[in-house]
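Handing you this structure, nothing more for now.
In order of appearance the chains are A, B, C, D, E and F, and numbering begins at 1 in each one.
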Amino acid sequence: MLRLKSPGAERLFQSPALEATFGGGEANVAVSLAAFGVPVEFVTALPPHAVGQACLGELRKLNVGTRFVRLAGDRIGIYFLEAGANQRASTVLYDRSGSSIMQAHRGDFDWKAVFENAQWFHLTGITPALSEETAALSREAMTAARAAGIPVSCDLNYRAKLWKYGKKAPEVMRELAALTDVAIANEEDCQKSLGISVDVDVRSGTLDVRQYRALTARVLEEFPNLRAIAITLRESRSADSNGWSACLNTRADFFVSRHYEIDDIVDRVGGGDAFAAGLIFGMLRYKDDRQALEFAAAASCLKHSIPGDFNRVSEAEVSTLLKGDASGRVQR
Amino acid sequence: MLRLKSPGAERLFQSPALEATFGGGEANVAVSLAAFGVPVEFVTALPPHAVGQACLGELRKLNVGTRFVRLAGDRIGIYFLEAGANQRASTVLYDRSGSSIMQAHRGDFDWKAVFENAQWFHLTGITPALSEETAALSREAMTAARAAGIPVSCDLNYRAKLWKYGKKAPEVMRELAALTDVAIANEEDCQKSLGISVDVDVRSGTLDVRQYRALTARVLEEFPNLRAIAITLRESRSADSNGWSACLNTRADFFVSRHYEIDDIVDRVGGGDAFAAGLIFGMLRYKDDRQALEFAAAASCLKHSIPGDFNRVSEAEVSTLLKGDASGRVQR
Amino acid sequence: MLRLKSPGAERLFQSPALEATFGGGEANVAVSLAAFGVPVEFVTALPPHAVGQACLGELRKLNVGTRFVRLAGDRIGIYFLEAGANQRASTVLYDRSGSSIMQAHRGDFDWKAVFENAQWFHLTGITPALSEETAALSREAMTAARAAGIPVSCDLNYRAKLWKYGKKAPEVMRELAALTDVAIANEEDCQKSLGISVDVDVRSGTLDVRQYRALTARVLEEFPNLRAIAITLRESRSADSNGWSACLNTRADFFVSRHYEIDDIVDRVGGGDAFAAGLIFGMLRYKDDRQALEFAAAASCLKHSIPGDFNRVSEAEVSTLLKGDASGRVQR
Amino acid sequence: MLRLKSPGAERLFQSPALEATFGGGEANVAVSLAAFGVPVEFVTALPPHAVGQACLGELRKLNVGTRFVRLAGDRIGIYFLEAGANQRASTVLYDRSGSSIMQAHRGDFDWKAVFENAQWFHLTGITPALSEETAALSREAMTAARAAGIPVSCDLNYRAKLWKYGKKAPEVMRELAALTDVAIANEEDCQKSLGISVDVDVRSGTLDVRQYRALTARVLEEFPNLRAIAITLRESRSADSNGWSACLNTRADFFVSRHYEIDDIVDRVGGGDAFAAGLIFGMLRYKDDRQALEFAAAASCLKHSIPGDFNRVSEAEVSTLLKGDASGRVQR
Amino acid sequence: MLRLKSPGAERLFQSPALEATFGGGEANVAVSLAAFGVPVEFVTALPPHAVGQACLGELRKLNVGTRFVRLAGDRIGIYFLEAGANQRASTVLYDRSGSSIMQAHRGDFDWKAVFENAQWFHLTGITPALSEETAALSREAMTAARAAGIPVSCDLNYRAKLWKYGKKAPEVMRELAALTDVAIANEEDCQKSLGISVDVDVRSGTLDVRQYRALTARVLEEFPNLRAIAITLRESRSADSNGWSACLNTRADFFVSRHYEIDDIVDRVGGGDAFAAGLIFGMLRYKDDRQALEFAAAASCLKHSIPGDFNRVSEAEVSTLLKGDASGRVQR
Amino acid sequence: MLRLKSPGAERLFQSPALEATFGGGEANVAVSLAAFGVPVEFVTALPPHAVGQACLGELRKLNVGTRFVRLAGDRIGIYFLEAGANQRASTVLYDRSGSSIMQAHRGDFDWKAVFENAQWFHLTGITPALSEETAALSREAMTAARAAGIPVSCDLNYRAKLWKYGKKAPEVMRELAALTDVAIANEEDCQKSLGISVDVDVRSGTLDVRQYRALTARVLEEFPNLRAIAITLRESRSADSNGWSACLNTRADFFVSRHYEIDDIVDRVGGGDAFAAGLIFGMLRYKDDRQALEFAAAASCLKHSIPGDFNRVSEAEVSTLLKGDASGRVQR
């Protein structure tokens, strides 16, 4: 996806310039994993023209494989972003109808080739929100991954401004959840994507962890296929200052990660994707689910310090934070 | 006015570039009201050359009417701005002597035409600070507005670096206050513009609301023509972090608005003007003065998140904050 | 030194642009003193080519004398800087091997001319970290200064990424400390440069002042030549938010400065140099060492609000903060 | 339309930034006429979101009326532009499918209101190229204009990358030409839009005027409704250097304008629209068609000196060039 | 003077940014001479505030002495610049009324100190155009220079947009010419500043050298005090492409310099000042007036390649061009 | 190599910013070939730190393989670039001593692996100019390539500012030329790198092709191993305007390419490398050497239109120019 952001804290078109980078749910996860040193392939459709090619180039630059990207269709999805500040919220304006991925069909991708030697498959709730066909394509991919014996993670993220093709999110997302091994969500996603609600005010700025234990337990109960579900716990005090932590219910255990105060947020877009990437990395690398959760929370904390959708941090940088050094001292 | 600001937190001329936008007290109020959807006409004088024309264009872009702008004179007032950070204050360097508005005279404006169908007239204490003639012009305008039965608001704002033409601020401003329906000020303005003081340390960072009740009562007592006076309560803890609220004394009632912590200020210049615009809008829209005050406080809180003098926020955005959502969560 | 920084909070080469300014320990001190109105000469070696000339020009612009700069050698030292944010640390990448100053030799500078009419000599622990010869050159300079009866201050600052020429820092720095009148350091410098340790966790974010009294006393004991030692006390809570204060042990007294909370740091590089400059200025200007310390702490607090290595603040601006006005209110 | 251009002569996404301005055939003509001081209304459809609003604001700023703009639909048409240089051509990448104007329907606009008091109606061959419905809408508008007794001009401009909805350009454009009073075209447009060809090599860099007399005569013959046809004569020697002139066949006369060498083109996009605006202005202002042609040629020559789609020049500036001063001397 | 230029070829305020540098006739000459290695002192008045200080800093950076700059008054003169392109002229908008230099008076400068050890004094026709007092001040300075036995050069440059204080240019400038040793002008300056005309069309793009011989002879005849007069010969074919040469009449000889075609002008503002500086340098350095003229022509040719008012070229770079190398080959 | 260029036509450090991209002889050839669709591997040494990694990322983005890049050493070579304009030459300032490639040694690269399945090997005269060891490494690589039966091309490019390690260029380069199949050079390279001179004034702006036939014949005579030698013929009329063509002597034939006038050069650095890449591509793709030469000339002509060292053009774009379309018309 092409991300067009007004400079700094400006409102859109306050200046005749846009910061033009690439991003989007699955791409963000791919880039983050690649930055941790994991071999990654990004599977999507992009138009074969100059903008699509630029997106491919950026992915290659960041060590993401593009062998399975299908070059077809006319346009790349675009989102306009205006960064909030203080009490003013960031806003996203989607311009993605008719994008190459929305025009993709079942059968367009050779899943057998894709999943050969793969270790993990991840997708998000954004893709199935685009069209009936992308929802079907998502099911196709997940089914193929499971057939290949590969763990599937799904970030349930709910986008109110999408879901226009006639189906309600839970109709579609519950089917996909039933094909998932590791679910990732925030409290709103559980409610809006799965229809499983929890009594939490997402704007309150404080969170009650017990409710998340209950919520995750209910999701696991309804979806016996799930090995685990992780919930990111964002305390939105302002556009600049958030509390950040996460919890993980693995049926056997319920872990709550360390809590981070992030007080001068540079860019919070992609924070959830950075968490997903951290969790996948952690689960692949560590035996210990708690360690995986902590890695994911620390990785996604660091995302908030980096402009753009992508979490450009190395495993070593996450480890420094995991070891407790959040001092921000100059490294020289 | 032309506002020339050094980029980011740089000191002036640290780089050979200036951000060049337009602003100034009355213009800021006009733009803000236009952004709320109110029809507004801006009455001023601007030079007919390229810089004056650019200012007019910007006002049109932001939906401010320019029918009554007088194109005359040689120069537009300029102010150089250096944004502060942390313990370092922002500084303003005025370069406005000889500006078109300073060269304007009584009789230059057709007040009858201006006030036909008008609902409100607003001016600030900056205009009368420029010259004897602009002070007289201010009186002329206010008198005409009152004659037309239109409520007059006046932001008393005191600018120490102006007031060079021989008169002391209170000599002039007390005359104007006597022609005002709704006065707007901060504690320093009351003291310096009206000579009515209050025992408040404006740099302390904490405020005693009782004193403001007393202060506003005294102003109302001295100026029986005033229907109400509003005071903005800025707790300046640093250039980046302010507390922000306001109070309103309507003789019948004394209201104190909700209090906002603004912790990563993007641009505080124009905050008072955003408050004035919010108050005017609120008084025109709502029956309830308390609601008007809350609207004004919320609107001006949001101003701090926007670069430039102008408060580019809609009524809907202010309403979201009024409803209590200051979470800054991404709207998508 | 040439400082090449990625724009804003970007990682290096996220955009194809670098902010290109000049800086470096001693240059920073020189510029800061010049900004306070003190006549300063900067003694170093720079290449005679366009980059070296640009550095000279910048120093002249900022009122630093360049009469004693030796134009020789091939390259100017470079450091790449990536500004941190929140929990992500800033990082410095040195590229200074083979720089003109590293190729300088004893005898290259006419110290007699340099110290004629001089009032103070300052150097840092960075220069002797570069090479055996720059260490010898540092000793030569300090010895000459002392012979000329000029007070010598030395900022012990330890840079782990330098010190590659075979000697350990204390071997060299203890010799230099023995030629110093006023030492400046942080807790890590004492340990790493002098081998005198203190039981402080520099990443904890809180500091125990008693330990600093003990530490400074030990240093003064080991180096009887020292008239005083100052320690900067940075509480690094994140890349954006630091506590900042300092203490000074003059044998007769132990002073702790006012404490500053700096919550939206613009640029912390050069903060220690700004402190050194403030202390030198204070000791030259005031009789009272406590006043000197407070001036140094306030000056260096303000440094954190200014982009670039240099502390571009006047004595008057420091005095405003010293008088207690940290409100950041707009000056107009 | 939103125009997204890579900075300077860079290829798209060489830097992560895009210059973001507004443009497009009819908008360009409207802005140009407004800059000459003519009251103009722009009739189109734009999405009601932030990008559509920004486009409206820009039009207002440039004195174009927006009363008749229909706020409906989801997206604004976008085009990506990469400026050529020397032997490398500029390239345009359209991303306009599904734009608000493409979704507009017959009956959406109140043509009676639009044409009340109007003096001229202009449209281009780009709108009918978008969809069957926009072609029908174009016919509807032209028919209404003629019914209201208003002269209609049509720029036949042919865009190979559009015309995807199944009809060939001449099928549609010949119908529209039959509703036109003044046609504007280049040699390629005549051939591709009307199917009337001329033996000219548009890449040769030299032009044979006699052929244009023949070509225009043939068009006038086939379309007896036409009062006149103008042809712009661009001699494309490179992306930076073009010859520029135009001819006008009014049946009674055949005029060839002065010839301009434009050697350091700043931005040639919008040159044809600037010509159309100049011709409309000239025909409205002058009795003499030759004068109108010369005004159009001079105005569009100046367009090549201005970044962006819009021809931001005044009537006075065109007149200076018409009087023969192309010296570019500094006006001071 | 502060020069505020719109970026690139944009019209003023097309973007909300201005390039902010310093310049102005005499300053340009001073900087250019300093770049050739000549010790220079700039004598002017500047306001003591941040903008004035920034101007001083820039001069120091470029090796211009500022000992004699008087810090007084309120404002620095400003000019807005819009760079032309092709057939569109550059335009200058002056905003200098009330500047510090306009407020300067006879007696403000200690000419005796200024001219002690000086070798040359230069001023331009811009200063006496500002006000009666600056004209008197110019006379005072020239008289003092002559009294000190120092050659005086005067660039007669005529600025139509100045000269508003009631006197006609020749009234004032003829007096100053009578105090001059070396006059510098273009054909328009001779006519407008001295009232001595020549039958030349300055917009024709071709020049007849014989007329310049006649013109200069007439000037020398009318002003017997003049040792020589130089005329710059700009053939303005467009804003981007000029022919450039100069002639010098020393009574004994009449020299015409080499002719330069400058085809992609970067910035022509300051070209005349670069010529003046080159001529002064040449006359000081060389015995041969022809050599001086050639140096001046080459130096000012190079000016056209540099953004900003200042001619940032070294003597060595001018010499390379003088030796005939105008190939622009990369030096590596 | 890291290329640090001052913005636009500014002199170095006129603004505190540098455009920071990557380039250098062999890298430029690799990127250009990759842009034509050829699989390429770049063999070099880069430091493993952030700047080296950024260089690798950029190469990957542009489809250049980095499998054989050795991550070792401390620094990446840097060159500072100041773009010339008109009569002012561009200048390059090298800062590459101690770079990773300069510290590389024979044996560091596994040439057997490198040349497995390779079709061509190219290197330039810049690498052997750096140090005795890089010269030896160059010989090692060429010998290995020949042993593997792979054609070797060598761009003889001579850099006066390098060659500091004691040997004269011909001593080294003649040895390398004896290991080359296809030599590429300009007239100066032949003279300075091989000691074979030709009576050509490289600054004259006009070229006598017969001399190039003689020159290339002499080189082929002296180096019987050479299959062909190509000479680029740059007519440097100014920094902005060059004639551009090339000739190729294949013993059997002597071809002179089409001649291109390039009149508004965007960036000429890398033009020779673009030619080399075009020639290699042409020789691999076409049977006909004349076609190869024409492809190379056209490709390198287009390079002059693109900012940065790299020739970001596709085979299709070169083909368009080859077919004779240099009109620069907008493609839409």
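Here is the rule we use: a residue touches a chain if its C-beta (ideal position, glycine included) is under 8 Å from a C-beta of that chain, and two chains touch if they have at least 3 such contacts.
Bear in mind that the values here come from a model prediction, so they are computed numbers and not experimental data.
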Chains touching chain B and chain D alike, please list them. A, C, E, F
Looking at Cα centroids only, farthest away from chain E lies chain A
Going by the touch criterion at the top, tell me which pair is linked by more C-beta contacts: A-E or C-F. C-F
At what distance in angstrom does the C-alpha mean of chain B lie from that of chain A? 43
How many Å are there between the centre of chain B and the centre of chain F, using C-alpha atoms for each centre? 61
Residues of chain B engaged with two or more neighbouring chains: 11, 14, 16-17, 57-58, 91, 263-264
Write out the stretch or stretches of chain D touching chain E in their complex. 260, 262-266, 301-302, 304-308, 312-313, 317, 320-321, 324-332
Please give the residue numbers of chain C that touch chain F in the complex, ascending. 4, 11-13, 16-21, 49-51, 54, 57-58, 74-75, 78, 80, 82, 91, 93, 95, 97-98
Which residues of chain B touch chain C in the complex? 8-11, 14, 79, 84-92, 94, 159-161, 202-203, 205, 234, 236-241, 263-264, 268-269
Residue ranges of chain A touching chain F (in the complex, touch as defined): 57-58, 60-63
Show me the residue ranges of chain A that touch chain E in the complex, using the header's touch definition. 14-17
